[in-house]
Amino acid sequence: MKKSLIALAALAASGAAMAQSSVTLFGVADATFAYGTGTVSKKTQLASGGLDGSRLGFRGVEDLGGGMSASFHLEAGLNNDDGTGGTTDTNNQGKAASGGLIFNRRSTLSLNGGFGEVRLGRDYTPHFKNLTAFDPFGTSGVGTTQTLKSSIGGPTTIRASNSIGYLLPGNLGGFYGQGQFYMGENDSNVANKKDGNGVSLRAGYANGPIDVAGAFAKTTYLLNTANGTGGNITTMNFGGKYDLGMVKILGQYSQDKVIGTGTGKGLLGGVQIPVGPAGEVRLSFSTYKVVTVGVNTPDPATNKIAAGYVHNLSKRTAVYGTFANVTNKKGAEQALNNSKTAPNKKSSGFDFGIRHSF
Amino acid sequence: MKKSLIALAALAASGAAMAQSSVTLFGVADATFAYGTGTVSKKTQLASGGLDGSRLGFRGVEDLGGGMSASFHLEAGLNNDDGTGGTTDTNNQGKAASGGLIFNRRSTLSLNGGFGEVRLGRDYTPHFKNLTAFDPFGTSGVGTTQTLKSSIGGPTTIRASNSIGYLLPGNLGGFYGQGQFYMGENDSNVANKKDGNGVSLRAGYANGPIDVAGAFAKTTYLLNTANGTGGNITTMNFGGKYDLGMVKILGQYSQDKVIGTGTGKGLLGGVQIPVGPAGEVRLSFSTYKVVTVGVNTPDPATNKIAAGYVHNLSKRTAVYGTFANVTNKKGAEQALNNSKTAPNKKSSGFDFGIRHSF
Amino acid sequence: MKKSLIALAALAASGAAMAQSSVTLFGVADATFAYGTGTVSKKTQLASGGLDGSRLGFRGVEDLGGGMSASFHLEAGLNNDDGTGGTTDTNNQGKAASGGLIFNRRSTLSLNGGFGEVRLGRDYTPHFKNLTAFDPFGTSGVGTTQTLKSSIGGPTTIRASNSIGYLLPGNLGGFYGQGQFYMGENDSNVANKKDGNGVSLRAGYANGPIDVAGAFAKTTYLLNTANGTGGNITTMNFGGKYDLGMVKILGQYSQDKVIGTGTGKGLLGGVQIPVGPAGEVRLSFSTYKVVTVGVNTPDPATNKIAAGYVHNLSKRTAVYGTFANVTNKKGAEQALNNSKTAPNKKSSGFDFGIRHSF
């Protein structure tokens, strides 16, 4: 993901010694010709976000003096192919709000200081970060790791609304960490009053060529309620990346346990290989299997291989192509790029697109 | 409400003597931990707008020469906790449009000159301004005056769409005033063709420590139509603020008369007390009672006390805490921060949050 | 339509010899008092876009070196009277998404070079451009050509989502041209799998006082499907403008053939007459007739006359007034400014407004 381009110098009149402040307009426009084929139906699309999710955002930071600062981050997803916005989940129970531009990707207000960062609002969940950080395709496009695509981790697998988070400061010799508490905000006189409440923790170490991290999360859902989220969901995952210079090696393991449903187990191995000054080849194998509750129930599993190439025309603009193929077993019917495939059948797809950051 | 930060110098190529123009990106990010408790249910939330409503806006002004200027103001409400936008009322009859970012807070185009300002679009109604200007809590958060919270003033109590307004110029020795006409835009061949049409007028005087104003408004609604707005609504209110230096005293009286329903009567008294260079204590008592139509009908009434403290970390960033309690009588069931309480029972709540303007 | 005002100088730190890049915030605020009258009902509104459609947009260009550049354009329609956003059509089959701010007007990502421009996303269809370029009122407001207002050209008459377009470079001695392919993105196993797929081509010549162009488009729709678009739609149109200095003369002819429905035929003639340094008078006559399929079926037709005056207060701000009248025949019931009129009856309307670009 590219950094912002426009630092709007502000408050010039407030005196030379005053705090430096900025508001930044940023975004990504990513359009891709996307094709998917399965045994049931094929799909041809102009899609959005094959390399990085299309977005428009506004963020800023104000220096409060004494090493403190306040900052905000408003980031709206958008579909470059038809101009629509994204969806959010206002209660962490799958209650979507969509239709127009909304800051579904991130909407946070922070206080920062030597103590670290307190972050309030809608944000990525910490336990998602290992899935995306240690995926050669960064969980974007047709190559996205199957550990995310098949995940039974529920509504907070990627982001949570109503969160109160804390991030460790950046000067701990490579150690990093984050804790997050989020709320479902139900009335207190209903049976599922705690649905959507949860906690997520992540800790890691990045230094030189190495980056490793683990995460744990638990979200509460009453068993068999109407929202279809099953019962309580417990997620544990860890992963790492090692940069050998001529190749980066990535791997991750994830486990999602849903009371009453089963346990999902995911694994990924992959590489990113620089090609000349501007290119990168990406390869990955990922798999996810759901060990369902009950004797003699099938345990659907899906394997995925993905190969892609990104060519950077500049720091902000890239062209890319990705091919992927999934194999389904024991009743799984995962398909790529909005195609549909019958249980136990294959599906394949490709993206060919342009990504421009601003 | 903080002023904008970023004046984007524009039109540099148009010549030195030319008009000065600017477009400003502005906003507020306000996140608050909000708790409410009533006899029916409690609610714990990460909420938005405890001190000032969260928003994102764009505004600009163009100097037309000869003392004239054109300006626009687009201001969208947003919920910092989940990234969603606000709602508007497209016909002043309660017809909401929501789901994404919309300029529900204000969407106006103005021509300005020595004559004052002609303002077209969606805007605050003049008769709302006395409720917010003379409330120690500025009608934000759990401390908001009960004269607004219980108001039976209908869809245009705060804002109106489709308005044509006129504001007096600012050089009248402290006298200020505003008139506004707004339209419901119904077809002419329906019975309630005039629903949502209205007029609102406000006049005041601000000079040194004193600020007083009064307002009158009438909005047309056909009696007993489906939109539940009752019959014609007539609102009258006045209020004032006096700055004694060590304390600001605020007071207001409001009356909303709805044909077929009854008459609401509201009263508020409060103070704002500076504490050191960066702090402010806010206290208020407010009450609203509905004298319903008909003999032997109860006249529901609610009393509210609120106390808060705002600590400014900078001109743009503040932390704050507010506590409030309501007492219901004669069938009223007002509750705080999305809790619910039974008729004639109490409710209390608090906000604890951060407000950052940009 | 006014150009953008604010070129945000960016990437200052990236070195003097680096690419020039900019992101531009732009828009139009246009508010109009709009009245329409027909035999069934009248309508009085504060409307939006009487001279130019109200909008908010973000666009940028990045120089990639070697004559190449990447650019994006995100443009959201909005209603200045109530702050709402516009609607888009996500599948070119009339499937609307609306409610909040969405980039329904245009949402594109481009690669540009000596070869021309490759443009991906939601954009105007090439075959729409002759209708708007050769209408004295630019297809805005109550004066909009009847060749658009009565058109049976279907969902892609103005814009298409999911489009892949190519535009000729600008250095071809006055010749210009554009091709566009767009997709409905239906599943491959449904009967109407090709619905919303289409192609549109336009070529023209502009040099000195003359500008002429023709276009052809075909969009696929299965006959008698639920979306009400009829069968395949084939559109052909051409038009021109000649600038005599004291008057610009404009004309256009259009034909929309819908399998199973009939053929629409439109014609317009009009003028734009400069009045002093800042004014312009606009006059037009336009007509559209649908030759319906089947013997003894009526062929509804509507004639329109429109007259307007635009007075520019600056390059960005204008006041304007437009009057129009339509005459219906053979069952047509076209009406102006949201009034309604009975079949074969007249309707008239006017706009009186302000347009401010930023």
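List of remarks:
Residue numbering begins at 1 within each chain, and the chains themselves are lettered A, B and C in the order written.
We adopt the following convention: contacts are C-beta pairs under 8 Å (C-beta built on N, C-alpha and C of every residue); 3 or more make two chains touch, one makes a residue touch a chain.
Treat the numbers as computed from the prediction; the structure is a model and nothing was measured.
Shown here, the protein chains touch in all possible pairs. In a homomeric contact, the two copies may use the same or different surfaces; for subunit A and subunit B, under half of the interface residue numbers are shared, pointing to different surfaces.
Distance between subunit A and subunit B, defined via averaged C-alpha coordinates, is recorded as 38 Å. Across the assembly, subunit B contributes 8, 25, 85, 99-102 as residues in contact with two or more other chains. Of all residues in subunit A, those touching subunit C in their complex are 5-8, 25, 27, 29-31, 33, 40-46, 56, 78-85, 99-102, 313-314, 316-317, 338-340, 353-354, 356, 358. By the touch criterion stated above, subunit B contacts subunit C in their complex at residues 8, 10-11, 19, 21, 23, 25, 58, 60, 62, 64-65, 68, 70-72, 74, 76, 85, 88-90, 97-109, 111, 120-122, 161-164, 182-183, 185, 187-190.
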